[in-house]
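Look for subunit A in each of the two complexes below; its partner is subunit B in the first and subunit C in the second.
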Partner chain A sequence: MNSLDELIESMISGNRRSLGKIITLMENDSSSCSYIIPKIHSKTGKAHIIGITGPPGSGKSSVVDKLISYYRNEGLKVGVVAIDPTSPFTGGAILGDRIRMKKHYTDKEVFIRSMATRGSLGGLSEATGNAVKALDAFGKDIIIIETVGAGQIEVDIVKVADTVIVISVPSMGDSVQTIKAGIMEIGDIFAVNKADIEGAEKCIMEIKMMLDLSEKKEDWVPPIVKTYGNLEDGAIELYESIKEHHNYLIKSGHHEKKRVIREKTELLNILQNMFFKNLYSVISEIEIEELARIIAKREKDPYMVIQELMPKLKNLM
Partner chain B sequence: MRILIAKPGLDGHDRGAKVVARALRDAGMEVIYTGLRQTPESIVETALQEDVDAIGLSVLSGAHNHLFKKVIDLLKKEGAEDIPVFGGGIIPEDDIPYLNEIGVKRIFGPGTSTEKIVSFIKEITNKS
Partner chain C sequence: MNSLDELIESMISGNRRSLGKIITLMENDSSSCSYIIPKIHSKTGKAHIIGITGPPGSGKSSVVDKLISYYRNEGLKVGVVAIDPTSPFTGGAILGDRIRMKKHYTDKEVFIRSMATRGSLGGLSEATGNAVKALDAFGKDIIIIETVGAGQIEVDIVKVADTVIVISVPSMGDSVQTIKAGIMEIGDIFAVNKADIEGAEKCIMEIKMMLDLSEKKEDWVPPIVKTYGNLEDGAIELYESIKEHHNYLIKSGHHEKKRVIREKTELLNILQNMFFKNLYSVISEIEIEELARIIAKREKDPYMVIQELMPKLKNLM
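Take a look at the complex of A and B:
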């Protein structure tokens, strides 16, 4: 048994530091996933995965903090993955979402992991999905993913979460904002946070109008709930709605469907990465550059070049 | 590289901790900041969950001897004494030998340049 096997075993038996280390490994070196995932895959798939997204400062972390409390009162074990941005200039990051979750720091059944985006643009980091798998295999019943502060197109959360909550705050723009494509299309539940400040009713109305306009593809109508990050019991309505959505997913069979779509995306991702990695083993970067030069001189076009490469590309696997 | 910057104890002065956090960020590190008034227990638990390469503690309350010792003892209890601990804040010269003796790698007093802290962290974690 090697040391990585020991680490995986120690994680599965409940060691929190080993879980922390495994997430780091998968985050730093994607090739380690091909060793770790096969050992934990059969232990995953039980947790309810909840995604929370919304603009910076809208109160995502405070709402997560409230949700953790509700789930802990039920006796459920909670994992959190909180994502903050990586500096595109230095590669550094300040990961501060957990500050809002202080209350749960010493609860041994709550595991909070901060992650930096490390160049990903979809609101998550590349390793988020695998971190969720590790938490799932560790035995968490509920896994909450908090995206990086999101604006309009950061919608990767749909690919990972069973239930997506989009948080809005009053006074962020007029009703055209709500009918724009992107983030407003992905909510299973809409929460208007800071609902005690002026403009909350208008905000709710605009989301409601947006939902009325959208074509109904499923029989789930996304509820719009008010949350108050500053109140002790400020997310109770949201908590109830998440439960309802979970029940709906299971009863309607959408839960299964969503998971198949998710696995398909992941499978394609892994294949893509593999092909891409192998590409450089059949053609060197220097060769590619040489071909690019030929294309730039207009001696050949890209498709012609690929035709000529075909025999080599057949050896990709 | 992942570094935990934590403020144990009761003082509410976090400017120093934030300056250091920002400097480490600009040096390309991922900095996990706990916020004010943390207990040694919560700091150690955070270090485990976040799998950090080092822990920096900022104390200005005068309770440094007690707080640093508690953090180091708890790390040992969790089998995580390999995570290096360093510190800063208002800490009298006379107390530094004791802190070094219990395992604190370095104390940075007021006026330390942030470059010095960055290069120290790179050195103790053996990463660049």
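Take a look at the complex of A and C:
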């Protein structure tokens, strides 16, 4: 038994430090995944994975904080993967937020992991997916992915989730734009945070209109709930909606469908990574750069270059 | 000579409608690129490609509007690729903006193309790159890519540009966050728009501090310029900075270096697309879904599945 086996076993038996090490290992060395994932795969698939996305300043973290408390009251174990650079989880927020979060940091049944937003896109959503797997194998009942914004990267990241929550805030001006950017389609629940501020009803109306206009794919009608990140019980309605959505997923069969799609995406990602690894074993980085130089000089076009490369690319896999 | 050849020839000879058709063709049918790009590649590489990114509401479009006017006064031909859902170019803005832009719409030497923000990530940056190529082959001297936000997708898209401008606005609260998210590294020029608003100096100071902290890779020190999207000559300083940056790129040799990197990325993208096309010729979508189902049921892990697939994957390219 090598030391990586020991680390995996230690993680599965509940060692938090080993869990952290495994996540870091998979984040920094993607080749380690081909060893780790087969060892933990059978232990995964039990957690309810919740994705929360919304613009900076929408108070996602306060809402996440409330949700963690509800789950802990139920005795459920919670994991958080935070990819929001403005989140107190990742260290981007003001002191007040940090202090507020402190209670969860000292709770042994809450594991919070922040992911670096730098690096390649593929890298980030892959690392998030692997961190979720590790938390799942570790035995977390609830795994929350917190991510900022409304770009394609967030869409890719929250695809890992069973239930996706899109948070808006009144009068931020860009609630409608957030929805336009492709988030509408992936939201299972819409939360209007800071719902005590003026403009909350208008915000709800806008989301409602958008939902009415969009094509319904399933028989689930995304609820629009109000949250009050600043109040003690300010996310209770959201918490109930998440439960309802989970029940719906299981009963309707969409839970399994979503997970099959997710595994398909991962299978294709692994194949793609293998392809590039093999590619670089037959053509060096320097050779590729030299070919790029020839294309940049307009001596050849990229398709001509690939045609000439073909003999080398045979037997690539 | 087939009709696609005629379309390409018509585009190269200056037909705007053919240009539009070629861009649409490459956007909707990526396999057409392998026919079109070899035919236009030798005609590309002459335009100065400018990327402009910034948060929604930062007034990018007003700045772009001003820049177009300056270039037109010089007699230069301008192409715009707008990927900003809030831009008047893509139809997301209020009536006032549309009217303001109208002068450029009727100018025959300005070609404006909006790209859909939906669809896959790879698709969007690929389509943007192809649209830029078509505009370049068409004979545009200046090509401006306008994109919203600060996510990885924007970083990928503006990588096509020779000169990248990052727009901030005072008191939007997230200027610093914008920079944190990885935009800092790609900005060649920083513009603080609406610089007549309170807080402009603070915004400039913040960007300056960030620039001082970040590692210098080249001998170009990104200038921080003020712009006034609402004023007649409100982007003159930016316009001059873009020229300076272009001169710097040529003199330092970075212009060629950047273009070689771009061609390398494209070469790898084409190879990747070929890989998936070939993959689907030996394994059907249905077979892949069945394998994903087995993985989702935890009967096998993804690496085991790939191991079993290997015989089929031989001779894939």
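Keep this in mind: the second predicted complex is superposed on the first by the 270 of 317 C-alpha atoms of A that agree within 3 Å, B and C clash if a C-alpha of one lies under 4 Å from a C-alpha of the other, contacts with A are read in each partner's own complex, and residues count from 1 in each chain.
Rule of thumb we're sticking to: contacts are C-beta pairs under 8 Å (C-beta built on N, C-alpha and C of every residue); 3 or more make two chains touch, one makes a residue touch a chain.
Since the structure is predicted, the reported quantities are computational estimates derived from the model, not experimental observations.
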item: Touched partner set for A:F111, first subunit B, second subunit C, both or neither; value: first
item: Which superposed partner A:T24 touches (first subunit B, second subunit C, both, neither); value: first
item: Touched partner set for A:K159, first subunit B, second subunit C, both or neither; value: neither
item: Comparing the two partners subunit B and subunit C, which touches a greater set of residues in subunit A; value: C
item: Subunit B versus subunit C as contact partner of A:L124, first or second or both or neither; value: second
item: Touched partner set for A:K133, first subunit B, second subunit C, both or neither; value: neither
item: Partner chain in contact with A:F275 - subunit B first, subunit C second, else both or neither; value: second
item: Partner chain(s) touched by A:L316 [first = subunit B, second = subunit C, both, neither]; value: second
item: On subunit A, the residue positions that both subunit B and subunit C contact, one per complex; value: 86, 92
item: Residue numbers on subunit A that touch subunit B, as the complex places them; value: 16-17, 19-21, 23-24, 86-87, 90-96, 98-99, 102, 105-106, 108, 111-114, 116
item: Subunit A-touching residues of subunit C, taken from the complex the two chains share; value: 34, 37-38, 41-42, 44-45, 56-57, 85-86, 92, 117-118, 120-121, 124, 149, 151-154, 156, 173-174, 177, 180-182, 256, 259-264, 266-268, 270-272, 274-276, 279, 288-289, 291-293, 295-296, 298, 301-306, 310, 313-317
item: Partner subunit A, residues of subunit B touching it in the complex; value: 2, 21-22, 24-35, 38-39, 41-42, 45-46, 48-51, 78-80
